[in-house]
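Data first, discussion second: the structure below is written as structure tokens.
Here the chain labels run A, B, C, D, E, F, G, H, I and J in written order, and each chain numbers its own residues starting at 1.
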Amino acid sequence: MSTVPSRELASFANPRPGRDYEIRFECPEFTCLCPMTGQPDFATIRIRYRPRARCVELKSLKLYLWSFRDTGAFHEAVTNQILDDLVAVLDPESLEVEGDFLVRGGIHTVVRARHVGAPQPG
Amino acid sequence: MSTVPSRELASFANPRPGRDYEIRFECPEFTCLCPMTGQPDFATIRIRYRPRARCVELKSLKLYLWSFRDTGAFHEAVTNQILDDLVAVLDPESLEVEGDFLVRGGIHTVVRARHVGAPQPG
Amino acid sequence: MSTVPSRELASFANPRPGRDYEIRFECPEFTCLCPMTGQPDFATIRIRYRPRARCVELKSLKLYLWSFRDTGAFHEAVTNQILDDLVAVLDPESLEVEGDFLVRGGIHTVVRARHVGAPQPG
Amino acid sequence: MSTVPSRELASFANPRPGRDYEIRFECPEFTCLCPMTGQPDFATIRIRYRPRARCVELKSLKLYLWSFRDTGAFHEAVTNQILDDLVAVLDPESLEVEGDFLVRGGIHTVVRARHVGAPQPG
Amino acid sequence: MSTVPSRELASFANPRPGRDYEIRFECPEFTCLCPMTGQPDFATIRIRYRPRARCVELKSLKLYLWSFRDTGAFHEAVTNQILDDLVAVLDPESLEVEGDFLVRGGIHTVVRARHVGAPQPG
Amino acid sequence: MSTVPSRELASFANPRPGRDYEIRFECPEFTCLCPMTGQPDFATIRIRYRPRARCVELKSLKLYLWSFRDTGAFHEAVTNQILDDLVAVLDPESLEVEGDFLVRGGIHTVVRARHVGAPQPG
Amino acid sequence: MSTVPSRELASFANPRPGRDYEIRFECPEFTCLCPMTGQPDFATIRIRYRPRARCVELKSLKLYLWSFRDTGAFHEAVTNQILDDLVAVLDPESLEVEGDFLVRGGIHTVVRARHVGAPQPG
Amino acid sequence: MSTVPSRELASFANPRPGRDYEIRFECPEFTCLCPMTGQPDFATIRIRYRPRARCVELKSLKLYLWSFRDTGAFHEAVTNQILDDLVAVLDPESLEVEGDFLVRGGIHTVVRARHVGAPQPG
Amino acid sequence: MSTVPSRELASFANPRPGRDYEIRFECPEFTCLCPMTGQPDFATIRIRYRPRARCVELKSLKLYLWSFRDTGAFHEAVTNQILDDLVAVLDPESLEVEGDFLVRGGIHTVVRARHVGAPQPG
Amino acid sequence: MSTVPSRELASFANPRPGRDYEIRFECPEFTCLCPMTGQPDFATIRIRYRPRARCVELKSLKLYLWSFRDTGAFHEAVTNQILDDLVAVLDPESLEVEGDFLVRGGIHTVVRARHVGAPQPG
């Protein structure tokens, strides 16, 4: 099994499209680089969303999160980017991303951003 | 005592039908198979509901959950199926199922789906 | 000190009748019998209520919970019965009983029932 | 340093009177006597309030809680009394007292009472 | 690397100004002096805010919190001051500061203050 | 399935008699009566042993522990009796019983007794 | 039931004198007075011993610990005194007392003292 | 990736054969069948060993533990079998297996078995 | 009450000199300065010792730990210095100091040093 | 501040060479690559050692652990390599490294290796 990191997020058809339900992921294996110092940062990424037509595929999500490994990214910016990328692929009812970053300078930082989908024509 | 897994869910008459109350179950002994790889998946299944006329019988619930042992099932689909099967038998005021799956690919997944019963003629 | 279990619940006058406040009890020492098999069941009983004119007396509550020791009782029924018995004695603003039962058949069960008192003439 | 228990609660001027904010205290060192048996009872007292013009002074609060050491007091009554005494001194936006008493007769008791101040003329 | 404590809070442009999201900090390394006795006090400071145009820079926040080290400050006053100083620099949608102070006189104190920004012209 | 409590402890042949290994049981469902007051006591019973020829059968252990339900028993005596009864049936290398009793009079009691088997002729 | 604190420790005959076993008590309801300031101190007292001929009676232990309520006592001295008093009554194989005192001056103190009985003539 | 359960345990050469070090695995995903009732049992399997020439390969260990899924196995026997199988492949300095089984009949069972290798000719 | 930090450690006569017992302190309120950067470091200091003739006085210990507030000190050096200073005053049977420092550079550091007193002439 | 990962470990003179004491580090920010699949692995690295003449410098330790970020490394091999590298620089009395790796294939792996220094000529 050989895999490479990828910014492509794969999706599959929601198996229960008529129901408003929630899917949560927690990934403690996120790392990127500090744009100021070039040093690695580490975070747990938590995602929760309510699907419309599409669900995110778990293995592609793993590769997507891996793809930030060599990327410089501020805490506030990278959390919002993950939110934007997931929303672009899934067009969900709602989606929330929380980046929970390990201590830097004695301070523990958590950024949480949320998208709510536009109402659908009824 | 010899038992076999079964998709049949037994119920009994709600002993206090005039009251809106809640029943919760937590079962850490759920296993099914990954439809992609055939490998076993493990989850804790949590159920909470507010009964109308019927309550689910505990032993039949155990056998029902056991019946998924040799079934291929995606996380999102199986959580919704358990919800649908319980709703079909119980016609409850409301019922919620949470499937809390052990880590795959470094990611912990939880799916939570909820049914709210149609208003009853008053 | 010699005591016997009793279904009688004693009460005393609410020391602060003009205020809407809450009293909570947690008793991890509840046991009854399974009506199907005759085997003992064990639970923690949690009670929370907002008194009107009467408060439940602690020692009589202990004896009341003890009185189920040799009684066959389903989880759903016994939780509702405790609620009914307390409401009959206290006529509270509101009262909630939670029966949190130890694992049977790999499943942990919690039943929670709530009474809200009828509005009082103002 | 020599101090004696006191029912007097001292206060100081709220340093930020224009803002609606919250102050919480937790004191695990409360003891009084059971009025029935004369035996000691033990509790953790939790207080939370939103000040108007006055804040309670920490040392006088300590002496005030100490003053119950030789007093007979029922759980429900003493929690309400602490609330009444604090409200009399502080006239707060709101104030809540929780008395969390150690196990007696196998039962753990918590009493929580809350005062909401009368609206102020605007 | 040589740094000195500073009351100056630096900010940077919000990387996602069109979205209402939340940033949280927890710093267990806060110390100041008791204005009554001159003895050191210790606290964990928790900050959560929803940015408008500006975000607070992490290193300047560290130096800002450090700057209280030799300052006499009451619990209620210092929590409100940190809130005021952050609001002055950030003009946020909302911002909350919680000062969680270690035990003094057997009592644990937490002060929580919140600012909500004035509505912006639409 | 109909069962009754029983002082008979069943055993089965150790499946790996040539190896010195350990078996532990924890049962939070033990209750007996206080010989002084007749009131129920509750405990968690923990057992650990290293078998020789025989292992204790799990269901008979459950019925054995159930059999104390209507028996008056002091903490120190009942813990030692369980140890004696298990040793009589199993003749183990070693066996330890711990009775961990819920709070009475504000005091939590744990009794732990241990048997070490006589050396076997080599 | 009316009781008064007492320095008398009652004992009963060890129900299993031929076995070397352990009894542990944990009492979170200990309070005495600081000999320097007269203010109350609070502690959890933990006792563990291996009996010879006598075991300590639980209710008398409760009254004994209660008897320190109005006594001035330094942490180191009171822990050793409890040990001496129990040893005088029980003449145990061994006995350990741990006094775990709540925070004073930002420091949490634990004192642990142990007695080992003189060898008995064989 | 398609895999099937297998009783074959693969190994690789110890990368640091001259040092006595320890490797631990914890797998919460073990399930087998009860030989008495045919119903599923669930356990966490913990393994710790000190290698000689060979280390166990992680993926083959996963498949090996999976292979018990349709096997009837008593708690005591299966724990010892896993130990025997690992010892046969690895010939380690020492190896310990702990099977920590979910509650059956109100009792939680843990079996721990340990192998110590024969001394090697020096 | 006005106090100043002090390097002087006061002691008092061991109240039970004939017994080998242990005293433990935990102080989460230690701060000093990093000698490299001048920035504050924070630690919990844990002390445990077995006294000979002298015990350390609690208030002087508080002032002693406070005295490091403006001192530059490496983790390894300051932990050993506290040990040396306590040993000089107490001449104990044994004494251990543990400095448990908050995260710096993503790494949590704990230093533990121990002194064992020279045998006393018998 | 600009830094790059480095395999160079810096040390400084032990500030208390005459004493046998212990230094512990815990770093939850370790990541390397799986040599089989190229995918990232994550671990917490724990180090404890008793110094002789030299102590490891904290910042160089951070850079050293960072240097594995793009390296393929098996769990067993990398833990032993960190041990070997630290021993080469420090020549300690003893040194232990524990690599605690996040779940792969449903299995959590911990590798712990220990070096004991050769006796020094006395």
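Methods note: contacts are C-beta pairs under 8 Å (C-beta built on N, C-alpha and C of every residue); 3 or more make two chains touch, one makes a residue touch a chain.
All values derive from a computational prediction rather than experimental measurement.
Identification of common neighbours of chain C and chain E yields D.
Annotation, chain C versus chain G: rotation angle of 180 degrees from the Cα superposition, expressed as a multiple of 5. Contact count check for E-G and H-J (C-beta pairs in contact): higher for H-J. Centroid to centroid, with C-alpha atoms defining each point, chain F and chain G lie 28 Å apart. One inter-chain figure worth recording: chain A and chain I are separated by 46 Å, centre to centre, where each centre is the mean of the chain's CA atoms. Separating the CA-averaged centres of chain E and chain I is a span of 32 Å. With touch defined as above, residues shared between interfaces to two or more other chains in chain I number as follows: 1, 28-29, 42, 102, 106. Taken as a contact graph, the chains fit none of the simple arrangements: neither line, ring, star nor complete graph.
Contacting chain pairs in the structure are A-B, A-E, A-I, A-J, B-C, B-H, B-J, C-D, C-F, C-H, D-E, D-F, D-G, E-G, E-I, F-G, F-H, G-I, H-J, I-J. Partner chain I is touched in their complex by these residues of chain G: 74-77, 79-80, 83, 104-115. On chain H, the positions that touch chain B within their shared complex are 1-4, 28-29, 31, 37-40, 42, 66, 69, 102. Residues 14-16, 19-29, 51, 55, 58-59, 61-62 of chain A are the ones touching chain B in the complex. Chain I contributes residues 42, 102-103, 106 to its touches with chain A in the complex.
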